[in-house]
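Below: a set of structures, written as structure tokens.
There are two complexes below, and they share chain A, which is joined by chain B in the first and by chain C in the second.
Up next, the complex of A and B:
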């Protein structure tokens, strides 16, 4: 509980965290919240504007797309893919990146040299191009999107954890633990990892925002998921095509995407500030 | 940075680029889908297909394919594009100038806008404007180029359609050019109608790429300026009665530029990566847009060429940044 209190004092954590919690509930209970079936087409009701505009169809609050599908329901359902990708991709990249970073930072020598070279090579790829390439290689679908994000973004965690581990390794408590006679691996897992964790949690939150964007980009390019599954990126791409007929198909998923990315970002920065012992002092 | 440091860096750069080459090559050999199947006509006989396979070297073993490909790459020969049936280097040569012009325009915009706002913010220290500026900048920092591009499509393309939504130049104007650096050529040959049209097409993708950069420049430069403003030499200049604006521009800025420059360089590489999706959104005929088409068409030689070109640019920019940082701050370089 000692760590929770300073978190609640940071307004960014409370507001952004609250929003994301709400989004999570929406994603889980989408079938009960959404007014319509997000896949149900009604060509008679194509391109209906939102309720505030004249000529709107009652019951379709945010209008319909060209196939007559309810935009509101599709945006609500879109949160499912966005959050699934965010949580799974960020957690997996965190695990892989942290293991590599700990190995490089704590054992040094050859492990560090190889891992650092690998990170250098990875950083020479333009990330968007690499993700498009990977999804083309792996085939489209949710698994491929997640795998592509993990393959690209483990380096973020690796670099942060490596630097943090090296900084921790120079501190007195590590030397004390060595003097007592704890084994190298014991010190790594029981002493250093818990002290690296606060920084890690903030990076995980930032990475979730990045994962949401990458999924949207891949959907936008048309490589992520089949058009049967509503995604924000897919809706934005669809709305971009018919932007002169109706702005609403484009705008509402874009707002959802923007708010979600902003929330993950603010949560991450807020967490970093609240958990960072140096900045707290 | 000494000469041996530089040589070391260059050696490492070549090693990194070779790593990129190996990874791209391996990745593309596991691509499902046959590139040959996408280029043949339905009436092709098995013999035709085999001949094509042999022509592109796809009938050899993987190590042999890599050996041949790598020797060719060293000679600057990336092969023939499968989807466009033209030399890959030629295609890249046509598209790269568009991307470079866009990236440099965005860099100039980001640094100038960021620099001006950071200076104004520093002048407004300890007023209510300062936290407001930090808050807005915090929001700008959170918005990636992809979202900017889409928001701009909506604002400046649809609701208030002042700029053209797609392309690089009006097709009727594009026939006059002798090089692919349209912007530079139109400027030096005084073709102002074409220049204006190029700029109008460039504004939105440039803003999408430049605004996130500007936000980073604001944050870094403002922090560095705040630090510099409390140094003794700045206080002394202030005591001598120097005006606040001159104080910032003449005294503080000189010492705050170093850290900003390093970070700007790193961000510039990210920005070049961002051109891929931004070009796509605005149908801007650059390298990134061609890259996505190449992936969709499974055009292996073209993908390899483009990824290596991007990799080389990234590594080059990083080395340049190190060189400039070392030149600006010789003490730091001696330690590092």
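Up next, the complex of A and C:
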């Protein structure tokens, strides 16, 4: 594929993409990598500091929480929920938002008016409060978290895809395709969509970062998953209460969260930069 | 009397967006088989509207209020959608204006050049590939195999315009609408492209409607010219006669506005406001308020 090469020349894509790939492998193989069972409690070993500090318990590299659970194993396992939410929620909102955006941008008229008004109304809600509200209504759990993100964030894709579709529709190649006698829908799927794709891919990546954050927020306020499934947001909430006894319970999931979101953002920006000139020089 | 290839009769249209402002006023013109006809005018004169009407792609903001466009005697404006789209791309094709944007950046040249062959003639992949090679050879592109495998951004503007010309003539159409095909090119490439269009047109016996604002281009390529202003035909006739002995004052003013390479001190005179006043009076447009 000719489009791969310029991607590899973009350092942000390589570094952020590499990190995320590693994270994906960690998530998949967590049971084999994690040194301990993330749920196993040992009250005799509560609040053990990381190995760098005096008094650390051998084998617990990042220390333990107040219930004696291994922080490293819990951080590793936390990537599973984070990435699941990132991929599923971003893909679903991308599909819904893209379909709406293509319809609005290409067919215009009533379709555009209805969809655009809908987006305007949607955007008027504060997203975090809306997601908390949605999960409260839908009930906690992974499905609800994903549903809440999709319900809120499809508008992001809709707006970008609509604008890009309209810009593409004005170009001569679309007129040329019309004069050959291709149908409207053929032109949309075969001519325009491939040109909207680079922007779309970049936004998907950014959206994954946002999904990770939203999931962490919902876990933090206790609305995501039951507390025995390790999530970064849940760990941060738990560590916050005992920040003075053990900073490590709080800091390590925060670093994981921070690095992951940063990687998704950098990947998105890098992809946008790397894909654009190829497609439209 | 033999039938003209295209006969536009009393075509009038309004813009639905500008409060019903006329876009075309009672335009009539004919085009014979194998003829090159220039459509000349400033922007907004209606030349592109005529071109779009011929291609069946009038925007929804333009409404035809009267007249006919007959193509081989059949009324294009009253034709059922299906019949029209069968005609388009087979008998009537387009050379677009801007080679930068007229090729889809995400598709290889081969796919774009063979679109029409495969859709309209039902050609298989191998046959279409062969025909595409032939066509590229016809428009003097070297390394045709390499060009077919390329994406548009890997090719120069002149190269892309050649591909668009090859694509327009691919199905031996009866009419090619060239929408300012040289405006976006630099002067040396422009000349080659004009020559190429002329050669292709002669070889295929195709009639060409050549939309342009450049009388210099008209002089090089067109047999006949139609000059438009504000949607109205101002003058119409054989190119040589019209450029050497213009009948209308606007035509002479336009000629004077062009560069004169034979007399460097003459030319480039702006069209006097008096000429526009007379034009507006003739057409019956209210005085422009500045």
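Please note the rule applied: the second predicted complex is superposed on the first by the 277 of 281 C-alpha atoms of A that agree within 3 Å, B and C clash if a C-alpha of one lies under 4 Å from a C-alpha of the other, contacts with A are read in each partner's own complex, and residues count from 1 in each chain.
Simple rule for what comes next: a contact is a pair of C-beta atoms (placed from the backbone, for glycine too) under 8 Å apart; a residue touches a chain by one contact, two chains touch by 3 or more.
Quantities reported herein were computed from a predicted structural model and do not represent experimental measurements.
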| item | value |
| --- | --- |
| Chain A as common anchor, with chain B and chain C clashing or fitting | fit |
| First, second, both or neither for A:213, with chain B first and chain C second | first |
| Partner chain in contact with A:221 - chain B first, chain C second, else both or neither | first |
| First, second, both or neither for A:262, with chain B first and chain C second | first |
| First (chain B), second (chain C), both or neither touched by A:195 | second |
| Included angle at chain A between vectors to chain C and chain B, based on C-alpha centres and rounded to the nearest 10 degrees | 90 |
| Comparing the two partners chain B and chain C, which touches a greater set of residues in chain A | B |
| Contacts of A:128 with chain B and chain C, given as first, second, both or neither | first |
| Minimum distance between Cα atoms of chain B and chain C in the superposition (Å) | 15 |
| Chain A positions touched by chain B in one structure and by chain C in the second | none |
| Of chain C, residues touching chain A in the complex | 55-57, 85-86, 88-90, 92-94, 96-98, 101-107, 112, 115-116, 119-120, 151, 153, 164, 167 |
| Residues of chain A touching chain C in the complex | 2, 171-173, 175-182, 191, 194-195, 197, 278-281 |
| Touching residues on chain A, where the partner in the complex is chain B | 117-118, 120-121, 123-130, 132-134, 136-137, 139, 209-210, 213, 216-217, 220-223, 236, 240, 243-244, 247, 250-251, 254, 257-258, 261-262, 265-266, 269 |
| Parts of chain B lying in touch with chain A, wherever the complex brings them together | 12, 15-17, 19-20, 23, 27-28, 30-32, 138-139, 141-144, 146-147, 150-151, 153-154, 157-159, 269, 272-274, 276-277, 280-281, 288, 291-292, 295-296, 298, 303, 306-307, 310-311, 314-315 |
